[in-house]
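You will see chain A twice below: alongside chain B first, and alongside chain C after that.
And now, the complex of A and B:
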């Protein structure tokens, strides 16, 4: 069942439209990752879903309640959710009082507050700071205080807005571990925005890519990484090779795409005649000698043009009519003895050649 | 004594006056503190809620109100003195209160003088609470009233700094208390007016003594201010 259902959400600030027609549904008990470049509207969307600010138009139902009609229930709904922001926010008070804030707003009894606050601080490893002034703590510690402040209120939905950007690895790991555990044990629904693709992949069951104020694609993270729906998504998920081409024939689920006179096999369904081939650098293998031919594989000779180390990988650009960027491990590059102008054999599995429709002017 | 420098003599005598707790010096100091503290109290009572109201409510011309307040920070004290004088004098609408030339009238004048400053600084203090903090308060499930209370509590030190500045301006000003109080010995004479008068009468030792005390008060305010701002 969808715990959050958003349709055609729009939000502008002055003349700046930050969200256009966002459609999103979040299932109960899942961790949904929202990834996208800075300024794509992730934070704004999270604030709207958490009912911190209203959208300009669109439909939004949370826990099955229509929030557009039922404005009077916003406070109640908000008290069933929680949000952690990117910048660690603490108030000028003791750590204890900071963590107790949400419970005090809800009129929780003193004894319960005392018990819950101490438990929560224990869980994030900050018990020894109970009486310290929260503003005196480090950024990572402050963020852990902020997380406990949210968690003591037992939210059914937790929103995390880039919660670990600029945090030290220990605090990041603590926060990720707690979120994963709560999701598993308490079935807490989590929506986490991040521009860290790896974090999205690590935590989320499902990923939504946000680009320019819209949800451009949702799916399993594997799908997003290997089968981006368009050029912008492909760029964002770090695809090195986007090559325009034309489908010239199809047979047995294999399409032949012609690009600069070279024919390349693709195993993905063709979205049309004019396509862009999307090939991840790590799916391109380089060989010193011609390897044995495998089925459904592209195999051709090429010339190495540039070698750029980006530890622990090496970015190798080869020329074969068009330029291809391959990602090779540093060790493999050494074994191959790569150098500029060297002749190599390139192999790419047909499965690794993903086709997207070409947008003119795109 | 005959050949001594009057300034050095005055300084020595001034210290004597302070150390021996000269009754006149003590009386003037206590009156000064009483009037300015009371004025600061009443001004806070009026200006802090009004400042909060301006901050929390959206209305047309809000920006104009805030910039007017900021202009009034530098309200010339003699102008306030003149206006309050006219209002409290026998020909004015509040003449029947008989507050002219009384400490009560001086309190009124100083209160009016520092209200814009306190209001403006309250708005500034509350505006200092950033957007993310307000979002956090909302996200934690605060009601409207709880939100207001939390923001005020969070801005308490900045508001206190504003109140201290207001007190500093009240106790150091001479224009309104001179016009409205009349500098009557034993009744409305305060530190600043006493210094002005005694200096013009070449009674330097008393002036210097009162000056040292006034500086001491200013220093005290400053120390309190820096303590508050460090929070």
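And now, the complex of A and C:
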């Protein structure tokens, strides 16, 4: 069942349209990741879904209630949801008072507040700071205070707006663990926006890519990473190779795509004549000599042109008519003894060559 | 190093040491720009100081007269009336000006907003006599607002409400603008957090925005009050009576002469100083320190 149903949401600030026709549906009990570059409208969308700001137009129903018609129920609906912001925001008061805020707004009795606040602080591992001033804590601790401040109100939907963008890996892991546990145990619906692709992949059951104020693609994270629908998405999810080409023939479910005289086989159904080949760098294997046995449909020699180490991987560009960037582990690069101008064999599975229609850019 | 060698002159003449050190200090550390700024500032402050010293020396030379004048019921009553009417005006300003300031602080720039802002500032740019006339014309017995209000028994001409309304009019920009500045400094983030936690708009305002702007509200109120009790031209048009302090000084200046009016003026200086000093001192006990994010 869809717990949030948004249709054609538009939002602009002055002359700047931040969201154009956003369609989104969130199922009950799922974790939906919203990924997208900064400024793509993720935060704005979350604020609209949490009913903090009204959209300029569009339909939005939450818990099956039409929020456009039922304007008077916004506060009630908002009290069934919670939101955690990117920057840790705490009020200059004790940790206890910070966490108690939501309950006080709901007029909860003093005893209940006391019990729930202590439980919530226990859950995020901050019990020892009950009496401390919240602003004296570190960024990671403040964010945990903010999280327990939200969780103490038992939200049915939790919105997380890049919650770990400013945090160290340990705090990030704590927050992620709490969120996944709540989702699993309390069946809490979670919408998390992030520009950290790995986080989106780690947490989310389903991912929506937001680009320039629109949801460009939704699907399982595997799908988004390996089969992006267009160039912008491919760029954003970090595909190294986007190569324009032309489909020259088809046989046995394989398409032959020609790019600068080089023919590459693809297992994707062809979307048209003019295509872009999308190939992830880690799907390209390099070999010192022609492999004796290789399942990959594409196998050809090439020349190494540049070698660029990037942390655990090495980015190797090879030339074979067109340029291909391969991602090789540092250890493997060492074994291969790569150097500029070296002849290598390249293998790519036809499945790894994803085709998208080419949009003529002006 | 060179500076080291200079500062430890091997043959310092005993008497000169301190002087040379001082000269060195001046030459090395003085920022002449700041010095000139201070000199120019001192000239400005000097005028005020001189004026007060001037009146103080003459008045304190004859304490008996000063005391006699200060103790008259006329003067005491007038001071109380002025301060009271000012406080009354400020209370009304807090009640009506705070919501206005909040709306102005939170609304996006637009032509309409610009117009409202200009209207708020009108009392600032008008000559006080013009402000007084405006208030008089609106609130006089036959005025647009004065007529219906006098029907229900609220008379403004030569009455306490007239004093209050005139003070309110001239002091309003000081309060509204200061309050608004305070609201603008409260990050919208904080309000959003409160709202996501289940607070309605007014609850958010009451529990988050207002507590964080109390200092601005206070200093806005003090500013407005100071402006209100100092008003003369704005008030006399509609309420020559009862005498507020400015009117009383002017009246005694034109009838009794300089001697009495000077004593009243000096009394007012002392009382105002005292009160404003106290009010400023109280600021430190007020309001939460900022949670600016």
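The rule is simple: the second predicted complex is superposed on the first by the 357 of 362 C-alpha atoms of A that agree within 3 Å, B and C clash if a C-alpha of one lies under 4 Å from a C-alpha of the other, contacts with A are read in each partner's own complex, and residues count from 1 in each chain.
The criterion applied here is as follows: a residue touches a chain if its C-beta (ideal position, glycine included) is under 8 Å from a C-beta of that chain, and two chains touch if they have at least 3 such contacts.
Values in this document were obtained by computation on a predicted structure and should not be read as measured data.
Asks: In the superposition on chain A, see if there is space for chain B and chain C together, and answer fit or clash.
Replies: In the arrangement built by aligning on chain A, the partners chain C and chain B clash.
Asks: Touching A:14, do we find chain B (first), chain C (second), both, or neither?
Replies: Second partner only, chain C.
Asks: Quick one: classify A:78 as touching chain B (first), chain C (second), both or neither.
Replies: both
Asks: Just chain B (first), just chain C (second), both, or neither: which does A:47 touch?
Replies: both
Asks: Is A:91 in contact with chain B, with chain C, with both, or with neither (first, second, both, neither)?
Replies: In the superposition, A:91 touches chain B and chain C alike.
Asks: State whether A:101 touches chain B only (first), chain C only (second), both chains, or neither.
Replies: A:101 contacts both chain B and chain C.
Asks: Could you look at A:202 and tell me whether it touches chain B, chain C, both or neither (first, second, both, neither)?
Replies: In the superposition, A:202 contacts neither chain B nor chain C.
Asks: Find the residues of chain A that appear in the contact set with chain B and again in the contact set with chain C.
Replies: Common to the two interfaces on chain A: residues 47, 50, 52, 75, 78-79, 81-83, 85, 87, 89, 91-92, 101-102, 105-106, 146, 149-150, 153, 159.
Asks: Taking the touch rule as given, give the residues of chain A at its contact with chain C in the complex, in rising order.
Replies: Residues 13-14, 47, 50, 52, 75, 78-79, 81-83, 85, 87, 89-92, 101-102, 105-106, 135, 146, 149-150, 153, 159 of chain A touch chain C in their complex.
Asks: Can you name the residues of chain C that touch chain A in the complex?
Replies: 108, 189-190, 192-200, 203, 207-208, 288-291, 293
Asks: How about chain B: which of its residues touch chain A in the complex?
Replies: Chain B residues touching chain A: 132-133, 135-143, 146, 150, 153-154, 157, 231.
Asks: Given the complex with chain B, which residues does chain A contribute to the contact?
Replies: 47, 50, 52, 75, 78-79, 81-83, 85, 87, 89, 91-93, 101-102, 105-106, 146, 149-150, 153, 159
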